[in-house]
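Okay, here's the structure, questions in a sec.
The chains carry the letters A, B, C, D, E and F, assigned in the order they are written, with residues numbered from 1 in each.
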Amino acid sequence: MTEPAGAEVQREVERFFHEEAVLIDERKLHLWLALFTDDAVYRMELRSKILQALLPNTLPTAGTQVLFEDDKRFLTLRVRRLETGMAHAEKPPSITRHLVTNIIADLDGPAVIARSNFHVYQARLEADDMHFFGKREDRLLRTDAGWRIARRSIVLDHIVVPRTLTTFF
Amino acid sequence: MTEPAGAEVQREVERFFHEEAVLIDERKLHLWLALFTDDAVYRMELRSKILQALLPNTLPTAGTQVLFEDDKRFLTLRVRRLETGMAHAEKPPSITRHLVTNIIADLDGPAVIARSNFHVYQARLEADDMHFFGKREDRLLRTDAGWRIARRSIVLDHIVVPRTLTTFF
Amino acid sequence: MTEPAGAEVQREVERFFHEEAVLIDERKLHLWLALFTDDAVYRMELRSKILQALLPNTLPTAGTQVLFEDDKRFLTLRVRRLETGMAHAEKPPSITRHLVTNIIADLDGPAVIARSNFHVYQARLEADDMHFFGKREDRLLRTDAGWRIARRSIVLDHIVVPRTLTTFF
Amino acid sequence: MLIDERRSTDKLVDLERGLLSRRVFTDPDIYKVELERIFAKCWLFLAHDSMIPKAGDFMTTFMGEDHVIVTRGRDGKVHAMLNTCRHRGNRVCLFDSGNAAAFTCTYHGWSYDTAGKLIGVPFLKEAYYDELDKSEWGLVPVPRIESIGGMTFGSWDPSAPSLTEYLGELGWFMERLVLGTWNGGLEFVTGRHVYTARANWKIIAENFAGDHYHTSVTHASAYKLGLAPHPAGYEDVQDPNGPFEVALRPGHGAGGVYTGRPPFERDLAVAERLGPEVVAYAKERYARLTEVMRDAPCVPYRQGHGNMFPNLSWSGQANATGGRSFYLLQPKGPLHTEIWIWFAVERNAPQAVKDLVRGQSGQMGQLPSGFFAQDDAENFERVTESARTTVAKRYPFNISMQLGHEGQWPGQEKWEVAGIPGLVGPRYGEHSQRLFYSFWAKQTGLDTEA
Amino acid sequence: MLIDERRSTDKLVDLERGLLSRRVFTDPDIYKVELERIFAKCWLFLAHDSMIPKAGDFMTTFMGEDHVIVTRGRDGKVHAMLNTCRHRGNRVCLFDSGNAAAFTCTYHGWSYDTAGKLIGVPFLKEAYYDELDKSEWGLVPVPRIESIGGMTFGSWDPSAPSLTEYLGELGWFMERLVLGTWNGGLEFVTGRHVYTARANWKIIAENFAGDHYHTSVTHASAYKLGLAPHPAGYEDVQDPNGPFEVALRPGHGAGGVYTGRPPFERDLAVAERLGPEVVAYAKERYARLTEVMRDAPCVPYRQGHGNMFPNLSWSGQANATGGRSFYLLQPKGPLHTEIWIWFAVERNAPQAVKDLVRGQSGQMGQLPSGFFAQDDAENFERVTESARTTVAKRYPFNISMQLGHEGQWPGQEKWEVAGIPGLVGPRYGEHSQRLFYSFWAKQTGLDTEA
Amino acid sequence: MLIDERRSTDKLVDLERGLLSRRVFTDPDIYKVELERIFAKCWLFLAHDSMIPKAGDFMTTFMGEDHVIVTRGRDGKVHAMLNTCRHRGNRVCLFDSGNAAAFTCTYHGWSYDTAGKLIGVPFLKEAYYDELDKSEWGLVPVPRIESIGGMTFGSWDPSAPSLTEYLGELGWFMERLVLGTWNGGLEFVTGRHVYTARANWKIIAENFAGDHYHTSVTHASAYKLGLAPHPAGYEDVQDPNGPFEVALRPGHGAGGVYTGRPPFERDLAVAERLGPEVVAYAKERYARLTEVMRDAPCVPYRQGHGNMFPNLSWSGQANATGGRSFYLLQPKGPLHTEIWIWFAVERNAPQAVKDLVRGQSGQMGQLPSGFFAQDDAENFERVTESARTTVAKRYPFNISMQLGHEGQWPGQEKWEVAGIPGLVGPRYGEHSQRLFYSFWAKQTGLDTEA
């Protein structure tokens, strides 16, 4: 059972997410990786429109459509790939802007479960019309070095992913 | 006369709005309705470009263009309609994402006047390019069960509504 | 060296930015101007895709592409221009909505350095598809009258500016 | 074009077989023809008097895709003209509505009075050596402007028939029921609401013109909630007093027509809830209506929806306690339509009725916040999308309901419809749509040319 | 059109000179021809049996741009029909997939059973006087439906050759390697993933059909990270046991073919990491494969990528430890394609293999989160954009690699390819692409007409 | 097309009556003709020397809609070539600017040197059997490259006249005033700024070419704020020393020309505020200018705006204390233009001048943050929109100002313009626009063909 986090933790989590977003948008990706615990999971699901799942008024569920289910090792490979100079889908690096909103921090024993919504804007070559929407649910742990992400579960609010996913969420 | 709410109330209002948005986006609409007082008013106006209203540098006013002016009874009907299984404009349910930002809480006697901006993204069938922008001004009352919305006044930042309004704001 | 601002300052800065955005969106532009110190600088840069600047995985830099570098005198002229009734690119006034997110306040001696992300939506005549993305870094000073902006540095996340810049950021 | 889509000898509108080509909804070339031969020729709605009551009042609108200013001139008359400067074409009026003495172009400053006359040219002497003939370079006027019951219409066709002739059988309905001219006419009580649908304008227009068949299915959720009585069997719905769908030559339709006392009595029940003043008004109004309807002994009392070809639709009740909503279906390409919405009540109605009408507007009705619009718009969008694709386009729509039975409807002997003009048919029929598309075919000339 | 782009006598597909006009990727008129003559004629993938296993199961898809419902009828058979009501064309099924007894139109309520038969018309008697012949107004069926190894395909052309004939030389590959029908066939283990690319569908299809040449450059970052062995010199990459690219008449391609024991042994090494059960399975499977491949003594073991004309691509390994990914390239105009992705494994594979396949899907592969898709998609987009502009369009693409050497490849005497159907060529070649475009030219008829 | 818009015998550009069809701004087919006959034929601006000073420096740009790389080769020369690989057309350079030794395609790895030569083909031997003639498959070069005063231009037309001949009467202005070649030429002091306008490129180009008439109205707010002196009556604005608008054959325009000492003295006043160094510079510069202008005894001193056909515009002052802004109007379809902006100063100007110019750039001027751009862009957008619609398109624009008075302007005997080439006219006139459109008609050939 979770309960609302207090003012202090809520504020810390907000700052943590905003500093995290800076690291992605400024391409300090190794610093970003350092925000994950060693056994972290980074997961993303996609939405669909399945009748079976539909009681009246229930939501399209993200069924078996898993886009990411990375451990930290593979997440690190994603970052290292961008450094090879050969990942041309990010050459030159895309411009990204992470708008992270609706942050809700709850306590779950020693952990914090933090929910947030996002709008990620991406501009690349001549295109500046790529937008990703979704929500995140993070499991955060407090460590001596600050908060760390033990698990990030993202649901992307798209049926059709607008572009291959060369940024992070 | 209003005055800025203190840190604690501001935080509570933020959390209240974010939990509210979760209820809409996750289609827990009866829980959402429960956040309104029994005599609540849910109102939305549209913008226009009227010369008469224009002193230099004043804004287009939302004149007599009222899109919603629901009491709780009718708001409840809107929710119940979605449950009939016959409201095909929400079959399957649209994907929505409420990005609520710029929250300002002010004290107005026992009530809180909370202003916020929003960007609501809606995806439906093959279309994922529907976006609504606007602002809200809520009158919130503290009850034993938590904050409740006594009045919500929305101004939609559109001259042409991009789609019929099958979600909530 | 900066350090994270405490809860109180962070909250004040958030409120300050949100009240500021209201002033722009509601066209109370003289009140908005009053939020700047007399020696304030309002600066905006644009992005580009320059190979030279590219170590693997570094970002497009905003080189010599300065869109704004206004002192308060000229910023005031911009506002006064809108009041002449002759600045027809804002006749009727555009609808704008400032979504300010990811606010991070840091202490820098007596000043606060506040970073934020923005999505500014603009609707005008028949067009309601104009969106600006970017980040701001503000130097804020506390005065008797409240916080004041001593310097605002904006980076616009566009290679091609989607429209002439008749609003403020 | 490498593929000639007109290779077939099929007509676009085949009234013999009750078939309608999907191409009329999506083909960009057909849409261009519509702009030329329908929207630049037919009578189009411009404004109601109450929108621009005073000299200098103006509003802007579209005729087809052309942007037009409608003004109340100093002469008290309604003027309409293209909103484009004759010099380099800049828009001269940037607002939706307002009051102005003149329209001054922001590019080089040519200015025009509210009748469109070119009245000012900067440096006319120094720059033009006084050689510009100002009388030739006024704003392009809409050459034909006529009105009925406070509603002004315009046509780009100098040789168009008169508005009265164009309205044809609809004129009678307009004056008696839609506009209530005999009761002081209408007063528009809201601003203009607009929403957009990814739909061709015709599927919307034909729906208002005469599609009563869709209501029990499309709007089932509202019936389910008890917001309106659900029509169950045919007997329930086809009472001798209505509703009737009436196809009105040359291309219009008015439906949901109820005659005689039953609709009046239902209205009276509503009036009672609103108080004695409204009851008195309803009764007195009915008496006068009966007088007015002397040529129609059935006394049509209520009228629910309709369309004046091409793109002015309406709904409402045309009774004592109800209002009217008007929908101007502004085409924005073959695949998009803006729905412009206004609410009106009879000017003479008691305040309680006016308040009621204003209050209801956003809930059940055709505002984007209304249940009916939400149900309808999504259908219209999907219809349009399906009319676009390769194989689907080979299969025409079916508009054959009751084809061949026009005027000889089963049971019609019981109907109380004496004196109503036009082709009066039952609640469920497609006679109004067939008339709509046959007039469309005539106006575009496409089947004749093919 | 004021400029006739076909003024030149150049062919779109010039196989003599190995040239390919850029216009085939971007010209809107050519795209319309493709919709008519390719997507409304060729056999297109509809569904795998495991996607709609039970009666009433359905999924919706596109054939070209036409929206289609694919169902498992009560008869247990697969049906496919246009998802558009025969009355006014509304979409009758609003979901991606599910199970339904009938599809009821939300406009006027016509309803259709899972075989597309019109079973319900509201007020058929009262509104239609029972004169509507329901048997004529069912959903438009896809007239030809055939299947192979659990994969159902449809064609809009009643006189199309049989699926078997259309598959031609690809049939052998499909059954033996892609679908593994001899090993129980496939099981689809994920939902449908979709992403969109601003690219013409053909540049994607030809890449899967036979472009092994791009891998070492396009996917260099993955090699650099050691995620796959980097092919350095030609000797390394053209082993007598493969990989081979095989052009398969009439217009298909299957590449990355490895024969004999070496690929089996590499597979066994993976199996060992997965445990003894998988090793046993791999060995037993190889024995059975050898049996199945009696007519191909070289024993093709692995098969990496391919394309069935026009738009069903796949990749994977077709071996004991690997899965398959299928890509349905849904055209959305000349400049946009949606890539629909599913993952499958052989039904008989041990659970450990199924888990491995599911786990890998989002990382290295063709999901939008996968490295390979990211590398490929951006190339495809830029290729498409460059084929659109005025001067660039004058310069055809070069598809001349090894032109004239087909079947007489240097060193081919050492290749172990006995018994493989089709034109077996080396890893780096453009023979499969030339076959792809020559079939394209034949189907569209554009060069013949010009 | 079902409607033939060219049915009328009206010319697009009617110089006898001073009429200009709106269709030239919006018709997609006319736009295609422009791409072929204007942008793929005329001399287009590529780069200034100071943008790519060192060997290997490159920048990318567009010629029409074609993406082009401009490089400084190892030979020190400027090269330009299509940014599209000759194999499958992928873009080979992904950056705006930078320094590179070669451009390597990310699809299959073909690489090209900075002169466009194909220098690397992976597996040329193994995959191509060494049969690919690399000399034939280099990047497509812009066949004609010439420069003036550090500005390099390119043309796709091998038989184009020389740049000098094409510049015609503009050449004199370019060297003397725009580029200041006699004073060391220009130095570009900012990066490239870009904004987009929903406007046709020509309405922008003609404005810079010679539309002084719009300034007092369009930019009224700036005058109102006192940011520039407001031109009141004609006497004030047409001084014998200027400003003049000059139409320059074959299709160019240069306006805001002031001659003699008055503009110099106004410049000196500015110089005084900047310090004695600038005063000395301005004086010495004036002396040298007088020398240079020996063939123009009126000594043109300042030059405010202009356009080199088709799409290179500029503004500024061309004096001692001012800079220049260049605007490359990149067409993106008939209804959209990207405005690419650079600021430059004379290389020899004192640092104080350079700082001033840099500082002003975002405020009053043509950056999207500048007042003038904001005023202009909105006009351009509305002009374009109005040229698109059905009825409006029937009414041509008026370009008749002073038609028939060319060269015989009232009062011209007082003008100090001796020695200035071209058709020198008054501040307010449309002679430059008429020349612009007459050259446009000649280049497109559309009126001749019709």
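Observations on the structure shown:
Criterion: a residue touches a chain if its C-beta (ideal position, glycine included) is under 8 Å from a C-beta of that chain, and two chains touch if they have at least 3 such contacts.
Keep in mind the model is a prediction, meaning the values are calculated, not measured.
The minimum number of touch steps linking chain A to chain E comes to 1. The set of chains in contact with chain B as well as chain D comprises C, E. Of all residue numbers used at the contact between chain B and chain C, under half are used by both chains, marking a mostly different-residue interface. By residue number, over half of the touching pairs seen at A-E are also found at B-D, the match among B-D, C-D or A-F.
Counting C-beta pairs in contact, the pair that comes out ahead of the other among A-F and E-F is E-F.
Farthest from chain B in terms of Cα centroid separation is F. Averaged C-alpha coordinates put the centre of chain C at 49 Å from the centre of chain E. Chain B and chain E have Cα centroids separated by 46 Å. Spacing of chain C relative to chain F, judged by their CA centroids, is 32 angstrom.
Residues of chain F found to touch two or more other chains are 94-95, 106, 218, 375, 378-379, 382.
Looking at chain C, one finds that residues 7, 49-51, 54, 84, 88, 92, 99, 101, 119, 125, 159-160, 162 touch two or more other chains. Chains touching one another form the pairs A-B, A-C, A-E, A-F, B-C, B-D, B-E, C-D, C-F, D-E, D-F, E-F. Chain C meets chain D in the complex at residues 88, 91-92, 125. Chain contact summary for the complex, chain E toward chain F: residues 1-3, 22, 203, 213-214, 216-218, 233-234, 238, 375, 378-379, 382-383, 385-392, 395, 397-398, 400-402, 405, 410, 426, 428-429. Looking at the complex, you find that chain C touches chain B at residues 7-8, 11, 15, 17-19, 21-22, 25-27, 29, 82-85, 90, 92-93, 95-101, 119, 121, 123, 125-126, 128.
Contacts from chain E toward chain A in the complex involve residues 94-100, 189-198, 218, 220-222, 224-225, 227, 338, 359, 361-363, 367-369, 371, 373-375, 377-379, 382.
Listed in rising order, the residues of chain A touching chain E in the complex are 44, 46, 48-52, 54, 63-70, 74, 77, 80-81, 84, 86-89, 125, 127, 159-166.
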